[in-house]
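In this document, chain identifiers A, B, C and D correspond to the written order of the chains, with residue numbering beginning at 1 in each.
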Amino acid sequence: MTMETILSVKPLLAVLVSLAVIPFIVLSKDRNVREGWTFFAGAAKFLLILSMLPAVLKGKDVVYTAVQIFPNLGIAFRVDAFGMLFALVASSLWIITSIYSVGYMRSLDEHSQTRYFSFFAVALSATIGVAFSANLLTLYLFYEMLSLATYPLVTHHQDKEARSSGRKYLLYILGGSIGLALPAMMITYHFTGTLDFTTQGVMVGNINSGLALLLSLMFLFGFAKVGIMPMHSWLPAAMVAPTPVSALLHAVAVVKVGAFSVVRVLTGIVGVDLLAQYHISWIIAAIASITIVVASLIALSQDELKRRLAFSTIGQLSYIVLGVTLLSTSGMTGGILHIAMHAFGKITLFFCAGAIFCATGIKNISEMKGLGRQMPITMTAFLIGSLSVIGLPPCGGFISKWYLVLGTVESGQLIFLLVLLVSSLLNAAYFLPVFYNAFFVRRSEELLDNRLNEAPRWCLVALMITSGISIVLFFYPQPFLNLAKLAVAAAVG
Amino acid sequence: MLNTFPAIIIVVPLLAALLIAGISFIDRRACFPIGVAALLISFAGAVAMLVNVVSTGVAMEYRFGGWAGPMGIVYVIDHLSALVLVVITGIALVNLVSSRQTIIDELKEKDGAFVALYLLFTAGLVGMTATGDAFNLYVLLEITSLSGYALIGLGSERAPLASLKYLFLGTIGATFYLVGVGYLYIATGSLNMVDLATIIPGLMDSGVILFAFIFCMTGLFVKMAMFPVHGWLPGAYSEASSPAAGLIAPLTTKVMIYILIRICLSVFSVEYVFANLDVGQIMVWLAIATIVFGSVSALAQTNYRRMLTYIIIAEVGYMVGGFFLGNKMGMSGAMLHIVNDAVMTLCLFMVAGIVVNRMKTDDRDGFKGLFRSMPFTMAGFVLAALSIIGVPPTCGFFSKWYLILGGVAAGNYWFVAALIFSSLVNAVLFFRLFEIAYFEPFGDDHHGESPGAGAVGIKEAPMIMLLPFLAVSFLLIVLGVYSGRIVTNIIYFAIPGGII
Amino acid sequence: MRGYNMDLLNLIAAKANYWTYIILMMVGFYALIAKNNLVKKIVGMTIFQTAVLLFYVSMSTKKGGTIPILHHGETTSLDPGHVSALVNVADYVNPLPHVLMLTAIVVGVATLGVALSLAIKVYKTYGTLEEDEINLQLRNG
Amino acid sequence: MKILGRVTVILCGLLLLVYVGEFPDFADPQSPASTHVSPYYIQNALEDTAVPNLVTAILADYRGYDTMFEATVIFTAGLACFFLMRLPKKEERVVFYRHRATGVTLRIDDCGAVPKDTQAFHRIDSQWVPRDLIIRSTTRLLIPFVQIYALYVLAHGHHSPGGGFQAGVVLGASIILLAISQDLRSAISKIKEKTLGILSSLGVLIYAGTGFLCLLLGESFLDYGALASLLGTDRVMARSHGILIVEVGVAMAVMSVLIWIYYNLSSAGKQDEGL
């Protein structure tokens, strides 16, 4: 299926627009001007990506080569359906998170906010760079850029705890990428001669089975941001960051980049047929399912809300990997769609966690009894978010889980159907008690006045938008669904 | 005019050095400008030659005293030597300009002598790179070493001892090289490299040539601080004054590796080194040992510059290992790494210079809170650190790219593992420093606008130090992006045909 | 038996200069590595370099050749063109190693000068020239 | 450390000795070294450079570039010793004076400017020894002749063994003899450090300068043939004169550097009291 390509500089502009804004953010004297620049950059990026949507929907990829380093390899961009889906999610949520972080940072009066917003912009440009990369080298470049840009965000509080978690964060991510992903990339480049993502994958002709399995596993664990089990413990440690960081980055941008890269490599480099041929897909699916179940179990035991959400994210990410490695069309569609659906759901939950922390300073779930009366909007948003993550009807998450279930049936591997069901139950088990405590349990008498004690105005606005989108996505999933279907068609080819 | 450039780029710094030494006894103000002017001319000449050699594709030759071939001394400027010449003169120029303030502060009356020795050192390096005569290379090696001993000798309190140790080992290395040239002369009767290359294939199995190779190699390994004989480097580079370290550290070992490549490729032909002696495997193992040793002992250092010296030793292992892999990718990786590593090391030593100039200590604690007080310097420092770690788009990544490809192509996975291990160790080393610079001093002030950049006051380095430094750190990215072109247009011409 | 001794003696006699140069070099090398006193190391270094001088100069000798200065006879008939035919190469010793060794001597002197000045500076800072005492002072601060 | 040293040395020695058999015999006229390039020198040196002394011909003309760097090596050594050793000129010093008539010695601690010698008092070193008449008179007699001999060696470099380096060393030795026989200060009064610094750089500058002059005249660097137009002789004689100019430069450089190193080494940089 030949893919017509449009040559346009938009992908490069989309990546660079947030970098270009940084000098203005740094030099702007007044806070509001600085926030204005961030919104301007967010909007500009979103509109640029939106302008490419119609072309991609018609099946045409937007291609642009920024720098030709080697004769057959360079920093090149290729916007296809899969990249477009992820970029849309990331850039739209950046705007919303900026709204949220304005409220959050000002209410908690955090220090050095200029550095916060500028590194946020760098992180987003790296995320879009990964989404639009045409070959593994560009993807690796922006992947490393993202790891380094998020380090100052994770360790924003600059205290001893931030240092130790920052150290862990880098150990896993940088260690994984340099230790495993780089050699795997090199060996692939040596044997195949090219690193471009192609529909059938480049490995198919010239790499034998053992090496293909080894390389796939090196990529899986190398891109540690996907949080597959042994390489996952950086995510709970990164919860020490301010909540908007963990909201956008550790629910949407950073972890999804990991999942996106793994899926890109499995479909674009290793190739769907090679995956099927040598049972590689079954092994990776097994690892993913172990991660899902174990992560959901650990999430049950976590008392701190953000750590529980972190472990839930680890589980949800492995849904994506599991969905893709089922190798059935609806399974892959479900996996890819889950990137979008989970993003909106999980970001709402993190916003609620941040809002609760802003308003009442509570972090642990056990202390959240009777919070519903004080913060009705936040807690209802929390309900919607958790429904979407669990995958129940009124919210978008249901659709992606629906496709995942269909995928397992289609591929005939019923063991994974069991995994999906068990994990959904576990999801319900660790989300609903929070909601139940908030609304139905009377708080002990020391909290006398029941008057409203809601989160700051900006945070609520963001909350409502994302929970609203989660519901809308249930009724109108078309843009993301079509993109997912196109992506699968391109991958299976 | 262009064909006299091979002479001009070395004679101009030499004449300037002599002029400066003389004038420094009369009036010292003129010394610095003459030095910079001489290096500028030399740099311009080197760039012009590189452009000419790349465009015409033909190596430039210069006969000193008008005598041809084996009779007189002939300079040959081919692709690789032109590239290395540009690197040498460029780095010497940038380092001299940026360390003007330190020279005036630290070496009050002796700044004239310092600039003269600086120029002699650079002239020696330029000569070594361009020379086509084996004995002339020894004389220039001695000039470089002698001025190096002097430049290092006047540094911190322990500098004389470190310089003396460097002198002893350096003399052993240089004399071994001299004996090697003597063995070559006895067996062939000529000193001219091109002439030697025609005679040696006829004497493939003679023991004298074998020992000439062994002596030359040991001599060069001592001078480039390979693993067993590296003892002198850590002390020498970390005790020297920062302008001297900024010149010597980035250049000496790289030029020695260039000479190793020059001798192995143009004097002892490729067949001799790789087929006849099959010495590649042992040398790669030696390089792996150097890399692992350099990286591990760098972990144990608390002094920033001493840590850098061990990283330099590891980088020497990269280049020697890459070259002795014996395939096209490995060799081009080694040659590209000569350029990249020189620029990276210069960047890191300029940071050391700036930190010592501002914080009066080059210990790790000197980095406390630097992200807040010196943001631009730290930005450049992060870039240089990323390049040493090997993160794209900086140049360090791309030379590792070629080296790893070479390792995979040669099936030597231990070398690839050593490279990856060294990159990870570098990551740990530099992020340890970032932590100190970023976190400490531990402000307990979570809330409220902490002393932002404005309040504590940006105490940046003086402009004359900062601007060249930022230019060099930006050069790291430019070199990275253009590394593909550098390799295809320049380095592939330097690799002889016999290498696949 | 005698034949065998003769070859061995010839071998030693014919290669006498290399034997001496190697032994001298090893003496200098040993002193340079193993000696404790810095000045003894410097002396060892000088011996080490002198051995190489001996090696170069010894390789230039020819049986029956005199010093490389053309006899008075050859120089008188100075009409260019046929002078070179007159000069018999075997009469004169090979001049090239002598030139090279002039450079090596100069280098030796230069290195000696710098080494001695460094040794004096080391003596001024540590008060001793014995390397183990210096290391002791370095170790305890 | 010692055992390691012994093992490496013995190992290296044995390894070298084993391969001695491969070398050409001691004085074998047919050895590659004497049959490849050197015959050209022996036959053509006189014709090319009109200098019978082949070593000087090769030294200053065929491989003149090497010798230029040789002179630079000497110059670098002098500069290095100055750079490392020379201490800033601090005024306050412990100074000793001796009354000529009675022999009473005065010790002045940290005196500012050093007073001149007078009729009654003259300045002495800390380990002062009364001058020995024999040494003083013989050296005063000997030094001029040593210097004349050095000039002879310099001038006759073309026809007999000798040349720039040897002449420079002998000249240097004459001044050092003066410094040893009397005291360093009297030698410094004869030749100040400033003149030495300028003279040494001037010497090598003459050498490199002539080379650069040949470059400016259009020929290649250090090709004395180019001086023919300036010196008004044919190219061969121009080469011979070029060699002589260069030898003078080298002699000047070597002399001043040796004295300069002696000044710094003997007084450890203070240049007030020598050996």
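Of note:
Just so we're on the same page, a residue touches a chain if its C-beta (ideal position, glycine included) is under 8 Å from a C-beta of that chain, and two chains touch if they have at least 3 such contacts.
A quick note: this is a predicted structure, and the numbers were derived from the prediction, not measured.
When the partners of chain A are compared with those of chain D, the chains appearing in both lists are B. Across the two interfaces under comparison, A-B and B-D, the one joined by more C-beta contacts turns out to be B-D.
Chain centres here are C-alpha means, and the one lying farthest from chain B is A.
Geometrically, the chain at the heart of the complex, using CA-atom means, is B. Chain centres here are Cα averages; for chain A and chain B they lie 44 Å apart. The geometric centre of chain B is 31 Å away from that of chain C, both derived from CA atoms.
Mean C-alpha position of chain A lies 72 Å from that of chain C. Under the contact definition stated at the top, the residues of chain C that touch 2 or more other chains are 25, 29, 59, 96-97, 100, 103, 107, 110-111, 114, 117-118, 121. In chain A, there is no position where the chain touches two or more neighbouring chains simultaneously.
Annotation for chain B: residues touching 2 or more other chains are 135, 139, 142, 146, 149-150, 153, 160, 185-186, 191.
Applying the touch definition to all chain combinations yields A-B, B-C, B-D, C-D.
For chain D in complex with chain B, the residues that touch the partner chain are 16, 19, 21-24, 31-38, 40-41, 61-66, 69-70, 72-73, 75-77, 79-80, 82-84, 86, 88, 194, 197-198, 200-202, 204-205, 208-209, 211-212, 215, 219-225. Only residues 135, 139, 142, 146, 149-150, 153, 157-158, 160-161, 163-164, 167-168, 171-172, 174-175, 178-179, 182, 185-186, 191 of chain B touch chain C when the two sit together in their complex.
Chain D meets chain C in the complex at residues 1-2, 4-6, 8-10, 12-13, 16-17, 20-21, 23, 25-29, 31, 33-34, 37-39, 41-47, 50, 52-55, 58-59, 63, 66-67, 69-70, 73-74, 76-78, 80-81, 84-85, 159-161, 165, 236, 261, 264-265, 268-269. The touching residues of chain C, when paired with chain B in their complex, are 25, 29, 32, 38, 41, 45, 48-49, 52, 55-56, 59, 96-97, 100, 103-104, 107, 110-111, 114-115, 117-119, 121-122, 125-126, 134, 138. Contacts from chain C toward chain D in the complex involve residues 11, 13-19, 22-23, 25-26, 29-30, 33-34, 58-65, 67-70, 74-75, 78, 80-81, 83-84, 87, 89-90, 92, 94-100, 102-103, 106-107, 109-111, 113-114, 116-118, 120-121, 124.
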